[in-house]
């Protein structure tokens, strides 16, 4: 169950109305890397952790709830940045027509002009935030990544926090309002904090690579295909040992010939003798047993229940 | 700021796994009339009420927060209905291949077959809810209606609650699990309660029709155009007096001729003598002043602030 | 079957080209509360009324057809507001390059600059309307609400008319072209008229609350959950009797405690003694019989047919 | 202005309910090549033809209006194919629970099971059509092609009619209801008729290739780049003369070398001596003048008007 | 398998940064008629041609691959047009705040202002292209037409090339950078070349009209319904013989009466005596056999394989 | 520039047609974590690396090109799994009607029934792949993450590879075709390989945390807010030192009180004395200079050029 407190987590303030920045800031209200995306992503991931991993459930819901609180901070800031847009839209006197004013120079009406960069502030939302990105695309759940496996989900979250961080970094370039900057710096920093929380949580799950249960096929895990002609570059991504599996990279310089000779990579013979196929199989088998058991739900006698209500001791 | 409590608002239970109903129930998790839509709609509308209408802000945030809590109930129910899907997806032993099992008849695997009605439970979400409707369409903010005017928004909300109610009514036809039915009836009833809350709030705003500030044009507000040929029907929508403005309906039997004769409705002459144009103008003017003043934000001396932090007394 | 007459329902005129307003006006061509949404919503709802409620079918098709006619008026106005955009796009002479002209001051080319607020007027539609909102989002059927129950659909329509009305009200702020204003006022007023038609139609269906057939659960229908902390407000939405069911509102001040004590609202004991559960059950039963019978289609002997062609007397 | 007649253009009938085919048929109600797409495409294209090409405007509006009439036929057929779905959804008696019935064998309930192939027939639309394709994707204006140039738009329309035709052809495989087949054959044939209408209209515009005004660059118009290695094929698309410009195809066997030698195709020297650059320039210039003049709107003295109302002789 | 060469197919250059044109040019990167749409459309169509029509497969993959190469050209041009946007976003010094600079007049910062026409260049992509159209709508596969029948797909492609051509034509109006114009002319011309390739390929398939296998119904293929009232126009689309089937057009002046008299077009009697129904049936039958056989896949003994690897001789 | 070779990178085979698995496999053709997403993500990211980071550009284009090659493998497999769907759609003989056959038991037609799980294989694509996920949602560029900063983009890619890997892992549960499994294992393994390539590339960029240039605010980077009530959990994400910045986690047990006392976190006083604000500022300043310089494009004398054509030595 959620509760709401009328006080914001951070004391959001603005020096003056700035509808143009209100539009740009929408990116973090309803954009692909914004607060709603983060909140809904962690909230959705949490369902499958509720019983098997109560500590991760706790963390995901803490952070999800904080992101909803950040969504509120961003929305409040946009509302304040839109200033008197809402009020002006209620004026019906002829003299107040916007298009007339725009050719005038009355400074106090200037922000209406700016609001037109996003006309939906004026003709749809009536001077409040819209659940869209800064180009007006409505938020879509296509932004959410939730795949029912923590070794995947936590990595998705680290990446998501990275993206949210860089967007706040970019946004800081587009305002010189010190109060708005304070808010943006707070929000940006929290992404940095969350990143580290997710990373720490991932570290507690071992092994966590490859993500999931199935092991990779050593015939294919150590090859770098040079698919793009022209100048080539060497780096630890195609030379030396790989970061996680510690296999030696094999650089396939001419993939066409290589693929043809091996009948489409199916006839590779002895290729990666360092790999221990039996060990991999055994690892996969035992990991499968562990993970499957963790996720397993005992068939309820009478019913399955989410919370501890009544005299049941679940979950 | 939001908080979360691990206990659900309603003690959601399921008798047994039922992946097929899990799919159908998605409609209220991420569908057009589902809980996320309701929660985000009221939450978004609340921003523009924060200062001018603190009582409505309180109500909108109370109900928005309850809807987030309902979203959690629906998600928890879906997770329980999916039963061991997540666990089975972690099994890698050859014998457990699903397609093999589907040709067998082992009843305990039957639900996997049913889960395939929505393959993304299996190949994307790993056995948890997806933020989509029952056909797999990702939730979109295009479902949200928030127009910055309470006489409009509250009506949008009443309609939204009506739709949410009927979807729960339909859903009750597709399960015979008594615990799931208890949950659905609770959720369905809350829509009925919310409907009445929004209606009561609308009643406190007077006048509230026409919605907004501008008055309608009496030349056009009392006409019914008979645009569709064939059998005609009479009813209070085209005969007698109109529900709100109490004008006499004028039935235009042959719109083509009528429109041509009036130069595209621009030459209507004296048509609706009951209407008091001057009175309408005056009403519009005074309403505009009131509403515009209500929404007006006094230019902050130093800064604008959302909450009461520090020694300011806002909002 | 539809017909088209080349004359518009309203004599749409514009004083001069104004591509900027053309862009803003797109909101009512292909936006979420625009004419296409209204037309398609009523048209879609009408299918399920064809046989059971021929009078409502007649009304829905009359209004749907009028909305298609309004869509045409809006499109024609946008086309006129775009002025010579189409013609200029056909000019290939070097001197006519737009980017050059924009740095010049030739007033007659100014509107090209303005057209660039929505570049798709120039690089996609070739100087005509696009079926999108004012931010360029393509129209989507996600805007449509049609749920196969008139007590729901008519309320959706009233809300939709309210939203369309307020958008026209907002649009009136952004033009001072008297002819365009005439058109906008006509269109705005028709939304007011349609609202009242739908309301009158809803009144003829009794009972119409709760929408649909199922009755609400009296344990949950009269409670107001105070989910948001901080200053509280009282109003008829949480105090006194509810608007439709006339139950006494019960204000749950501390939902957390209340929910925990009642085992997630499942152990509420005697709570709402005013409610007559037997009466509700009986009402639901009889209503179900009536509505189900109304919608019932007799199994056709040879075939089912939509119209009265031939010697059948359907519908 | 549109009108509606209650009689369908074609006497749509069904032998029996078939919810499964209802779902598949949705493809032509709200799918990418369905009737709504066609209707809205031609309707939108028509705006820019209203004044410059009144004969094409007449044709586009005739066909658009017919497509709206076909949309109605498809919707009516879906409604009939859904049979008693709507009625059953109104039944609240416990015995009528669907999930119970599905395990029974009562033949009269079988169609409910089938309806669940598209659960939104049950939990959203209440037993009527949804404005979506057969997978439940809501219709989007992204399907519409309207580019403000008849030599382009008419080709878009010919292709659209071809696609609509093949979808009806495929649909005929999935029903053996002779009445439904009659309807599908009618609709399929009309696409064939419309294709020819658009082709005839295109033929009246000369020259119509390349589409638009600008002529192609003879350095690049006659080259075929062999971008895909492996077996090669010869055909009139890379050998002989091209269909419209009658240039000799030049087959670039090794694009990499060719491109490098020519500094990225910028140093091609004398390459296509058959082409008459001066003639092309002259053609483009004169065509630009003609087309630009056709589309040109004379600046209105008082106002621009869409129809002939009043004593103006426009359009 | 694809390969990449670092050299572009065309030597794309820009004279100077121009973020505003970068935004407009996005239309051909991620817009409905842009290069990604073309590439993915032909690539997708090619799958069903691989075995039955290897020559068409070769052509489709050649052109698809060229379109991917054009996508790269457009993206590279946008990157160059955005100039130092990326670099400036990395500057954190206070003096560099954009909103300050916008009120200044420093010419070297002017392009930042222009970049704000599409704020996502700044707050999302960090100064690179986004996979969207010029209004910021993300690319969607709804743009793709691939229907598994070459007589349809090739026509879709001709139309698509026509649209891509006109968009480039329009874009040429919005830049005076001679290097960018060179690139646009190259790309525009290639659409003209591709159009002719697809047309030539279509010509090799006979008969190719009606598209697909099923023949049209002569009762409905020769009728023109005059659905729109007002001035009428005659043209070869409603008078004379039709372009492909060479039937005489029958002009239905009053569709309402005609439809009613014929019981919804089902009682047309002898109407089109020129048509040879038996011949049509025979044609359809034989065509069905041919096309079905062409597409038929012989059931593999051991397995089906895409390429010629190993000692199989497929495809 | 891209090239295509007709041989697949991997020798994709199928034992028999299986339209049901074809549908599920669509998830990796046009789904959110599928091959098209990966290919387009890396391809788009590459543009901004072309000049500043040629080695990363090389790697991104190598992997992007390999992902396009994987997309082809998935598409080819789907085409083979659909077997004779295309051929059967061309049959017009009455006896072949699908709905008849579905009630029969002819095993050879069984797969047609299964194909109907995704009706668009039958009524749109004509028996080939559609660019959508397994629920039919068209692919959207909203899946792409490209933010113009390698410390962010490479993390997005690692997460994306993790998701793609788990989807292949899940897919392996739904087929027992050994050839299809071989293909899936190859594709799954390549995601593991790519993950490690991206990780290695990220390691070469130092510092890479926080992502981007701006440093975090030490007042907010070390706090864990306990936003969700009920049982609490401890872990390295809220106790001990943080993973990257090595700050001591501060657990805020009662955020409401904490936030109120600190005036919305603005009055925190001395809180994190370990942090060196001056050091952070200096780090940010120097990093900003480096990164800004790296991305900087020298103003071209005559023009900017993407490749090395001609006598320029760029890039």
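Here the chain labels run A, B, C, D, E and F in written order, and each chain numbers its own residues starting at 1.
Please note the rule applied: contacts are C-beta pairs under 8 Å (C-beta built on N, C-alpha and C of every residue); 3 or more make two chains touch, one makes a residue touch a chain.
These figures come from a predicted structure and were not determined experimentally.
> Between chain B and chain E, how many steps is the shortest route if every step has to go to a touching chain?
So the least number of steps between the two chains is 2.
> In the chain contact graph, what is the shortest path length, in steps, from chain C to chain F?
The distance in steps between these two chains is 2.
> Taking mean CA positions as centres, which chain lies farthest from chain B?
Computed centres place E farthest from chain B.
> Give a one-word verdict, same or different, on whether chain A and chain E use largely identical residue numbers at their interface, taking over half shared as same.
Different, since under half the interface numbering is common to both chains.
> In whole angstrom, what separates the CA-based centres of chain A and chain D?
Chain centres of chain A and chain D, defined by C-alpha means, are spaced 37 Å apart.
> Could you please state the distance in Å, as a whole number, between where the Cα atoms of chain B are centred and where those of chain D are centred?
About 33 Å separates the centre of chain B from that of chain D.
> Can you compute the centre-to-centre distance for chain A and chain F, using the mean CA position of each chain? Integer Å is fine.
Averaging C-alpha atoms per chain gives centres 12 Å apart.
> Could you pull out the residues of chain B that touch at least 2 other chains?
Residues 1-9, 11-12, 32-33, 58, 61-62, 65, 69, 88-89, 91-92, 124, 126, 132, 135-138, 140, 142, 147, 149, 166-167, 172, 213-214, 227-229, 231, 255-256, 259-260, 263-264, 266, 307, 309-310 of chain B touch two or more partner chains.
> If each chain is a dot and touching chains are joined, what shape do you get: line, ring, star, complete or other?
other
> Mind listing the chain E positions that touch chain C in their complex?
Residues in contact with chain C: 18, 20-21, 23-24, 27, 31-33, 117, 133-137, 166-167, 170-176, 227-231, 255-256, 259-260, 263-264, 266.
> Using the touch definition from the top, list the residues of chain D that touch chain B in their complex.
Residues of chain D touching chain B: 1-7, 88-89, 91-92, 96-100, 116, 118-120, 122-124, 126, 132, 135-138, 307, 309-310.
> Across the complex, what residues on chain C touch chain D?
Interface residues on the chain C side: 1-9, 11-17, 30, 36, 40, 43-45, 47-48, 50, 58, 61-62, 64-65, 68-69, 72, 75-80, 83-84, 86-93, 124-132, 138-142, 144, 146-149, 179, 213-214, 284-285, 288, 291-293, 295-297, 299-300, 302-310.
> Would you mind writing out the residues of chain B in touch with chain C in their complex?
Going by the criterion above, the answer is residues 5, 7-12, 32-33, 54-55, 58-59, 61-63, 65-66, 69, 137, 140, 142-143, 145, 147, 149, 151-152, 155-156, 158-160, 162-163, 165-167, 169, 172, 182, 185-186, 188-190, 192-193, 195-201, 203-204, 209-214, 216-217, 219-228, 231-238, 242-245, 255-256, 259-260, 263-266.
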